[in-house]
Amino acid sequence: AADDDTIRIGFISPRTGPLASFGKTDGFVLTQARQALANGMTVGGKHYQVEIIDRDSQSDPARASQLAKELINQDVDLMLAISTPEVINPVADASEAAGIPFMSTVMPWEAWYYGRGAKPGEESPFKWTYHFGFGAGEFYKTYISQWSLIDTNKKVGVMYPNDADGNAIRAVLAPRLAKAGYTVIDPGAYETGTSDFSSQIALFKREGVDIINSFPIPPDFAAFWRQSAQQGLHRQIKIIQIAKTGLFPSDIEVLGSLGPKIASAAYWHKTFPYTSPLTGLSGEQLADMWETETGEQWTQQLGATLSLLDAGTEALKQANDPLSRTAVRDAISQLNVTTIGGQVDFTSGPVPNVASGPIIGAQWVKGTGQFKLDYVITENVTDPNVPVTHKLLQYNTK
Amino acid sequence: MILTPYSQLQATGIHKSFGSVQVLNGIDFSMDTNDAIGIVGPNGAGKSTLLSVLSGAQAPTSGQITLNNKDITRIPARERAKQGLVRTHQIPKPFSGITVFENVFVAAIHSATSSRETAYDIALESIKLCGMLPLANREADSIGLLDRKRLELARALATQPKLLFLDEIGGGLTDAEALQLVDTILTLRERGIGIVWIEHIVHILLRVVKTLICMDSGQIIAQGHPDDVMSNKQVMKAYMGGTDHAVGE
Amino acid sequence: MLSVSNLDVRYGQFRAVQGVSMEIAKGDVVSLIGANGAGKSTLLRAIAGALPIHSGRLLFKQQEITNTSSSSRVQQGLSLVPEGRRLFSDMTVEENLLLGSTVKRSGDWNIERIFSTFPNLVKRRHAKTGNLSGGEQQATAIGRALMSNPDFLILDEVSLGLSPLVVNQVYDSMESLKDAGTTILLVEQDLERAMRFSKRTICMLEGRVVLDKLTSDTNKEEITQAYFGLHQSSKQEVS
Amino acid sequence: MMNSLVQAILLGGYYALVACGLAFMFQVMRIINLAHGSLAILSAYLVWEITDALALSPFVSVLMILPIMAIIGLLLQRVILERATKGGELLPVLTTFGLAIVIDNLLFQQFGANTRSLSPYLGDLSWESYEIFGLWIGKLPVIVLITAIVVIGGLDLILRFTPLGRQIRATAFDPDTAGLVGIDARKIAGISAAIAMMTVAISGTALGLRGTFDAYAGGPQLLFAFEATIIGGASSLWGVFLGGIILAIAQSIGALIHPQGFLLGGHFMFLIFLFARIYFNRDVFTLKHWFAKRNKGEITA
Amino acid sequence: MKIKRSNAYSKVTLYVVAAVFIALILLPSFASNNVMERLTVLFIYIIMAAMWNTLAGFGGLISIGQQLFFGLGAYATIRITNMAISPFVALLIAACLVGLLSWPISTFMLRLKAGEFAIGMWVLASIGHLLVNLDPLIQGETGISLIALNQYAIESRRLLIYFAALVSMSGLLLGLFYLLRSKAGIAMQAIRDNEEAADSIGVDAEKVKKWFFIFAAFGTALAGALWLAQASSFQPKTYFSVQWTAYMIFMVLVGGLGRFEGAILGALLFFVVETWFAATGVWYLVGLGAVAMLCSLFFPKGIWGVIETRLSITLIPVGYQVTGLKPDSHSKNK
């Protein structure tokens, strides 16, 4: 950075546009982080001011890429990006190109790593960019664990779209499920924006699947599930397991009476038993603060965003010189800390540049408090520290 | 201007229908560069349609058209234009977004291909001949109806036609203006351009044409020396409505 | 019936009509004559409300109409057959005519009477006007204006594109309008015809009125003289 | 197979309903309205607001929205379209495109990122169905289909056989001349826009009932609507109904051939229709007249 | 009487353009990275605006599907680079290939009229998008990054992309200038105004339109390839987004449709607005929409159109002017 005692952190997320529900809580979390950093931080005995420069990608990858360049040219020392490939990948590429240390979370790491051109078995082509969080492997473990909670015929109908997440999951998850004794009924990748799913529904009915596993964007899922109900499929399904949609309460509320008992998986939950090294807040505290401040229900994005800021600031603290790009990069590559979202460990990732993170089995149930729905944890293989609070309910029972 | 060589057009058995409406009903027509032919006939007789078919804007339902003994029935208007067969439109179709000069220039440079300099000269001369020089730099969008008709003529001239088809370019002119138009057309005649002229103002038509054709209901009902045609009973009935006040004034 | 005072109409900076004044009484039949570009159409369109008036005043039946809309002028009984017909080309002849009776004014023009006045239209009744021959279109345009039973009919280039037979028919039917007391203002380039038909002749030159006389008080020469100046100045000004 | 066909027809009804406001503007008013989708979302939000606030059925709230949207249509005409249409066929494209961006983002500003749906307010009706001969026919899609028939049929009758319809068509074709004929062009144009917006209100409601929406959901609806409109052709508004159904069937066939063929199927069908029209039956089908230049500068044929 | 194709202003413009070009060539030696990157983006915007203007402004072909070529340009670059060809060579090959592909496309699409053409192109772009999604290399919507670029050092890479964009822009604008002043240029405008009449005087409308279409496709593809070069990640959804065409429409209409200067001015304005206001998020977008709307309502000929009529100046004349006439109160710019 230009003047010697200010560390600049760039932070890019989707605050407006179609992905805005991911970025909704970012303003709040950033305020917490800025408060915590108001007095700067001390690294290697030297005191620095810390400035977080946040930008809104407007859900537009082209814009994300431009913003990344703008921030790079403002001499940020560390770049952070969060939520979905549309935001993360362009920023990661720009950072890689410019040689700026970069960290991101909240997208399957396979789509991050392979999606940006890395080849399996080859050396990592990335020198500056790092990502932490769940991948298809975690989904596999979670699903096996979650689905064994209810007695089924082990026939799974899958709905994987032709997009980053869908493809990554299909490649890794489907063969492993088959190996674990599940019959995978895959109608094939469908195109996002499809508005009629009769052929898939017919197939699932014909095959008599008990479980449905899907990765669609929210509008597609709403269309699919309502149509399934119209065609009577919902009466045969014991577990409807969704990902990518159903992350936030509003996604499920719109389904009305079809919403409760849909199973989901969370990359963060307010009952995670960790505190944020940056703000000192626990998950419950963070969620409560949000709810009292805005009157809206907490979302898992609260913890995810804070965990990225946690990991980022920890890396800066551990760098020999937080203003040296190589030093920060080296610190990230050696990073092994506990954030509000759990452990982030780049020393033992599944591939270089990646640290895996948890995805916890959960379920949407009728709300008991002030909100229409509650989000409860039903299993915890990927992070046993997280307490299981509820039993998984079968979808097609009253 | 360049001397136009001899050219001969022949059409036989031309039929044209739009859906169930039979508009041309077996027309035989021939002309060459020495001809000056007038066409009259009641509204809707098919005169303009005949021009469209001859110039290639519309294909006949059946029949054959030859130019210098080569079959041109199926070749498009732009090819015919290059071979010297050009028409004006009854309802003017100017290129409204460009200037009058540019309207004419584009015709000059795209027909009997010439160098840019020659095209300039041809375009300017055509404009002058039609008395439109003062308007040369005006956007065609802003000129009045009669100027548009003149523009049609200027543009057609700039293609250096051998056979020129005029569709009601004299309507709405005052007598003095009409006489001027007649002068212009006679000039063209002198240059050896064959003319077909559709016009309802018969007395100005008769100052130019040597042959008159009268059409009705898609057929030629009379053809020959203007005086003979105009005194033909059928023509009187179908076209003039019994009185002859418009003739020969 | 119509009083025009000091009318100015402009296209941008260009004054197409300059300081024109005229009075037209009920039952008058006036022809407006002038060379190509004199501003006749512009004047008529301004009177009908299709062009905004830059300055000056218009009174119709003693009421100020300078700034009223064209449709309200039709409602008051002032109707224009525009130059170039301006039909609704993707509608049929019948529909075009019916549109003419949008304002319900009483009178004896109706669709059947139009068809008997222009028998050449009968066969094309349900054809789209875009596909009609030029003359059929002109007839439809006149018919459409008549459908509103106007007290004051303005016709721009009435006989343009019509065959002599139809021109006669049109004038015949206008004779009956004349007899019924309809006021008529028309642009007709056939001077003979215009003089025979009208009681008064107004001549325009470069946007100005240069002659306004009862037809009986003037002659062909005088009128030709009146716009001849234009030829001197506009046609031979260059080269 | 049979089931797919039935579902496709139901879906087609929905497309037709969504497209009919667009088709009305495209065919009759000669405006390519790129804000169609956004306006539909706007009405969906309005319906949602009223439904939520007054605890009404969405079917009732849509009735309350109709006059609001009609007024919006009137304003739209007076403030925007009136000027835009004077400048040729391209200007409305840009203006409505600008409008779409403004609406989307204002909606976002107002309602935030949450996805919404009207279906919860219908209770189970949103997914209940009739079971006939082993076919499952959703109640809601049937309602949508019938609404489409009623709306399109009604509009078609008005346009074709009433003086108002004639005046609407004439005004759209050439407002200046319409004035000379005695039509109060501004009033009529306002009425057309109001009618168009009322159909948009209905399509917005259908959209909200059938699935979810958020502030930016308008765009994707637009392309389907355009496809249905153009497949349907220019002859009458019924075309758009057929267009919607053909589009939906093509999509289903596409999906049967290849799972990713749903959208492709529809798109290819669209192109096939366009070209078939050009090659086989030029005179009957061409759309030349839709955009036959307004008489401005061109003396009407 | 003489025909003039230039005027006092245009001669000055010539010198200014030359000076600006030289300045832009020298610029990298003292400008900051940010300036260079932003200028690269500006050059790409100018290309896109000029290409859309070529089609719509001079040819009357309004396409809402130019993102087809933009996306294909980028996609082809990825594909070609994947064959171990230098990305900078790939840029050019890609644009040429897309230009080639646009030839059969034009044969079909140019038969469509007005609204059908516009929407047809949009649908075609959508088809292009879906088909590209099927390529295993692209991995569906996941996309891929042009990591081959990482072989260049960051500084030289920035410089190369800058020059690539500068040269492409200058080349395309120059080409466009000559095209418009040529026989084909005036013919295209005639076709735009009335195709039937153009045909009747011997203009081969089909051929002229085809060349314009291909030229615009080539230019737009080059813009897409350049965009990829400077952004490195390729996601089909982004590159085939209708938003690119929306930007083009915005730039051209705000700048001045059918005016050579208009497209450039529009691109500049859009760029400035984006640079200054984009950070305001929602309100920037609302503002952008509102500007587009207001501009189209109040300056339908675009800002350049206003300048042109108010001040009667043309900087880059492509028309013909007859001199030596008596002045006519009406004529366009003297």
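Think of it as A, B, C, D and E in the order they're written, each chain with its own count starting at 1.
As a working rule, contacts are C-beta pairs under 8 Å (C-beta built on N, C-alpha and C of every residue); 3 or more make two chains touch, one makes a residue touch a chain.
Just so you know, these numbers come straight off a predicted model, no measurement behind them.
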| item | value |
| --- | --- |
| Fewest hops from subunit A to subunit B - one hop per pair of touching chains | 2 |
| Furthest chain, CA centroid comparison against subunit D | B |
| Whole-Å gap between the CA centroids of subunit B and subunit D | 47 |
| Between subunit C and subunit A, distance of the C-alpha-averaged centres to the nearest whole Å | 75 |
| Chain centre separation in whole Å, for subunit D relative to subunit A (CA means) | 37 |
| Multi-partner residues of subunit A (at least 2 other chains) | 16, 162, 189, 191 |
| In subunit D, residues with contacts to at least two other chains | 105, 108, 260, 263-264, 299-301 |
| Subunit B residues counted as touching two or more neighbouring chains | 18, 91, 93, 96, 133-134, 142, 145 |
| Residues on subunit A engaged by subunit D in the complex (per definition of touch) | 16-18, 20-21, 23-24, 59, 162, 187-191, 193-196, 198-200, 202, 218-219, 222-223, 226-227, 229-232, 234, 248, 250-251, 253-258 |
| Complex contact set, residues of subunit D against subunit A | 3-4, 7-8, 11, 105, 108, 112-117, 119-124, 126-129, 131, 136-141, 210-214, 216-217, 220, 224, 248, 251-252, 255-256, 258-260, 262-264 |
| Complex contact set, residues of subunit C against subunit B | 11, 33-37, 41, 83-84, 120, 124, 127, 131-136, 138-139, 157, 159-169, 189-192, 224, 227-228, 231, 234-235, 237-239 |
| Residue numbers on subunit E that touch subunit A, as the complex places them | 32-34, 37, 41, 130, 133, 139-147, 149-150, 154, 157, 227, 231-233, 235, 237-238, 241, 243, 278-279, 281-282, 285 |
| Of all residues in subunit B, those that touch subunit C in their complex | 18, 21, 40-48, 90-91, 128, 131, 133-134, 142, 144-147, 168, 171-177, 180, 200-202, 238-241, 243, 245-246, 249 |
